[in-house]
Amino acid sequence: MLGTGLIKGLMVTAKNLAGSFHDPERLVTTEYPEQRTVLPQNYRNFPFLVTENAEDPMGTLRCVACQICEKECPPQCIYIEKSKDKKADAAGKMQIYPAVFDIDISVCMSCQICVEVCPFDAIKMDQVFEIATADRFTGLLLDRGQLSKPNSYFHQIHPTDAAEVDGRLAAERKAAAEKAKAAAAAAAAKAAASTASAPSPVKAPPPVSAPPPATAVPAIPPPVSPPPPPSPPPQP
Amino acid sequence: MPHAEPWLERAPLLLRDAVNALLPAPARWWVDSFLDIAVLLGVFGLLFAFLTLAERKVLGRIQNRPGPNRAGWGGVLQPFADGIKMLTKEDIVPRLADPILHFAAPVALVAFSLMSFAVIPYGRHLLALDMDSGVLYFFAAGASSELAVFMAGWSGRNKYSLLAAMRALAQLISYELPLLLSFVPVVMISGSLSPSAIVTAQGGWHLGFIPRWNVLTPWGFAGFAIFMVASLAESNRSPFDLPEAESELIAGHLTEYSGFKYALFFMAEYFGMCALGGMAVTLFLGGWQAPCAFLGFIPSYAWFGAKLLALLLGFIWIRATLPRLRIDQLTRFAWKFLVPLALVNLVTVGFWHLSASWSRGFDPLRWAIAIALVVIPFVAMGRRLSAGLGPRTYRFAAQ
Amino acid sequence: MNAVLAAIALLILASAGIALTLRNIVRSVILLVVTWFGIAAFYLWAGAEFVAFAQVLVYGGAVSMVVLFAVLLVRHGKAGVAETPAPSGRIVSALLAGGAIAGALAGAVALTPLAPAAGPAPFAPVRHIGVLLLNTHAASLLAAGAILTVALLGGVVLAAGGGPEKEDGP
């Protein structure tokens, strides 16, 4: 009969109306500022710089200002200036560090390419999303002080990734240390055995860091090179 | 017997007299009228404000979310925040628009919908204008609002709003007919076009506890149902909200309106809803009459308010449930279903009126015939209307 | 009371007069509706509530919509709704026709012997009107209804029975 469907529908909505009062499980929304959902581990928003030591963030940045991320960044929102001097990194090795490291997160498109190309695991994706400011020009341009966050924070937001990165870094450092030790031992042995040839310097990062510049360098010319000659107008 | 009435029943009158006593005699007539208008505006303005809140809250609950709950305690200040927002918005008038009509349309719409509040009896002593042909006045005010809809659509000089206005007019005119036909039985039975007389005619109880409201008779129930469906359509409420179907048209004839003028249209919509609900209460639900004799100590205006709020809640409930109709379904439903049913209902009420003199023993027969006169055409016409629309099969969806 | 009547008369005549002079036909129609509302106000002033509300319901609600639909749906020769000024010949003939009608009406009113109202106007409640319409004058009411129904059916037949519509450009 005409109308039974209407009554069935009205019953469904009435059930929902009553149910939403006595059964809080039904409510599908969260009241955001007070009540926060746990973000999934793979959620990413904007990049941040990893520091080893929370007490001295500027001193222990993993970043060595290699500028790969700056060159790879599709919207070109990263700006880096290398330092003139060198500082010891977490492993005690002297490295160049970024004197200026700015990211304009109003331009950033959260593509994570900077994270993927970074050979030092120095830049990672953050989960902060409450970034609204009243001033879109300076408020959203983050400098290295605002960008640097300790490794413990990285562990907190992406535990799986962070454990994997830490394990890899530790293994690399161990391997480098062993290699250095072996090289030193070999050099000492050689020096001891005979007047040896010049010992090769320790090169732990280069095998990793050498390929990216090779791929990154060709990426530079296109923006610098003059635009291609104008194509002839299409003939109708 | 005014002396026997409870104090609460007379409280509004006492208040008015108190205000009047403060004033010199020549001003009293004017003050009386202005008091009526001011009270109506105040009460229905607040009702409009909180109705929007109630609607959003109930819709939210039906959709399993809490609804607006930020402004004020549990969201009670939300309507005022909305009002401030609407007032401070930019009021854009298109350069090629007809400025006078563009301005006049929302004003006329609100004015006409406010006018219809004048003749509804809100309580035993609460009636702004006791007119002999009050029901006719009510529907005349309602019919005039069609002109405002046309003015809104035409003045923006936008072909889409003009087309939408024509659609809205087609809907309003189509449903005007069942709306008018559905209250004719009430007029036939109570023998008056005066709302207060219609309410008085519904006083008293069968067997001491069944109220003699019109809705509790076969013809009254059918008339009430037709009236409610038609008033849903007349006040542009879902499922008949195609005039400003926000998801498929860009608000229809309201496309060129912004800011407070846009809000005025919604104010008129809610006023129209309240007015039609109030008229439905008056015509079919016994107006301000209490449902049981022992509940008579509650003042009459409280009963009216309770019934009106129940109807408005029903409007909201229906909005939360039913999807929108297409324009062809809408007009077909009006002309092929509601109008014939309303005409058949005239026959039913004629029979009811003529059989009133039958002896008590024939009462079951009388009821049976009247119910058959209502149910058989409904089922037959409903079958014809939904023929070929059968149960829908979902070939690719999981059953 | 006479001041109210004068105001109503002014409203009726002014809106009708402006409606005649406007070039935009839709505005003319809307002013025509204002005129009808003025006539309803006049009925109300004269104490004929029922007729006043019927006037608003029928003319303000229904007939105005019919007129508007007719104005908007009839094809225009030109794209806009504003008409070009009519040639002088048409103005003269319009004045002549209008003057003739006005003269006839004025003559009829002037020549009708108006008896002075005896006592207060009789109060006619709606109930009496209903009884009169459905008892004494039931036959004429039915005849009027039948004529209107036939006219409606004729309109439907004319509108629906045209066959496939021919595309004749403007």
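Each chain gets a letter, A, B and C, in the order it is written, and its residues are counted from 1.
The rule is simple: a contact is a pair of C-beta atoms (placed from the backbone, for glycine too) under 8 Å apart; a residue touches a chain by one contact, two chains touch by 3 or more.
All of these numbers come straight from a predicted model, not from anything done at the bench.
*Asks:* Just say which it is for the chain contacts: an open line, a closed ring, a star, complete, or other.
*Replies:* line
*Asks:* Farthest from subunit C by Cα centre, which chain is it? Let me know.
*Replies:* It is A.
*Asks:* Cα centroid separation between subunit B and subunit C, in whole Å?
*Replies:* Their C-alpha centroids are separated by 29 Å.
*Asks:* Between subunit A and subunit C, what is the gap in Å from one C-alpha centre to the other?
*Replies:* Comparing mean C-alpha positions, subunit C is 78 Å from subunit A.
*Asks:* Would you mind pulling out the distance in Å between where the CA atoms of subunit A average out and where those of subunit B do?
*Replies:* 61
*Asks:* So in the complex, which bits of subunit B are touching subunit C?
*Replies:* The touching residues are 98, 101, 131-133, 136-137, 139-141, 143-144, 146-147, 150-151, 154, 162, 166, 169, 173, 176, 191-194.
*Asks:* Which residues of subunit B touch subunit A in the complex?
*Replies:* Against subunit A, subunit B makes touches at 58, 61-66, 69, 317-318, 320-322, 378-379, 381-383, 385-386.
*Asks:* Note which residues of subunit A are touching subunit B in the complex, please.
*Replies:* 1-3, 6, 9-10, 12-14, 16-17, 19-21, 26-29, 31
*Asks:* Under the definition above, what is the set of subunit C residues touching subunit B in their complex?
*Replies:* 26-27, 30, 33, 37, 49-50, 53-54, 56-57, 60-62, 64-65, 68-69, 72, 125-127
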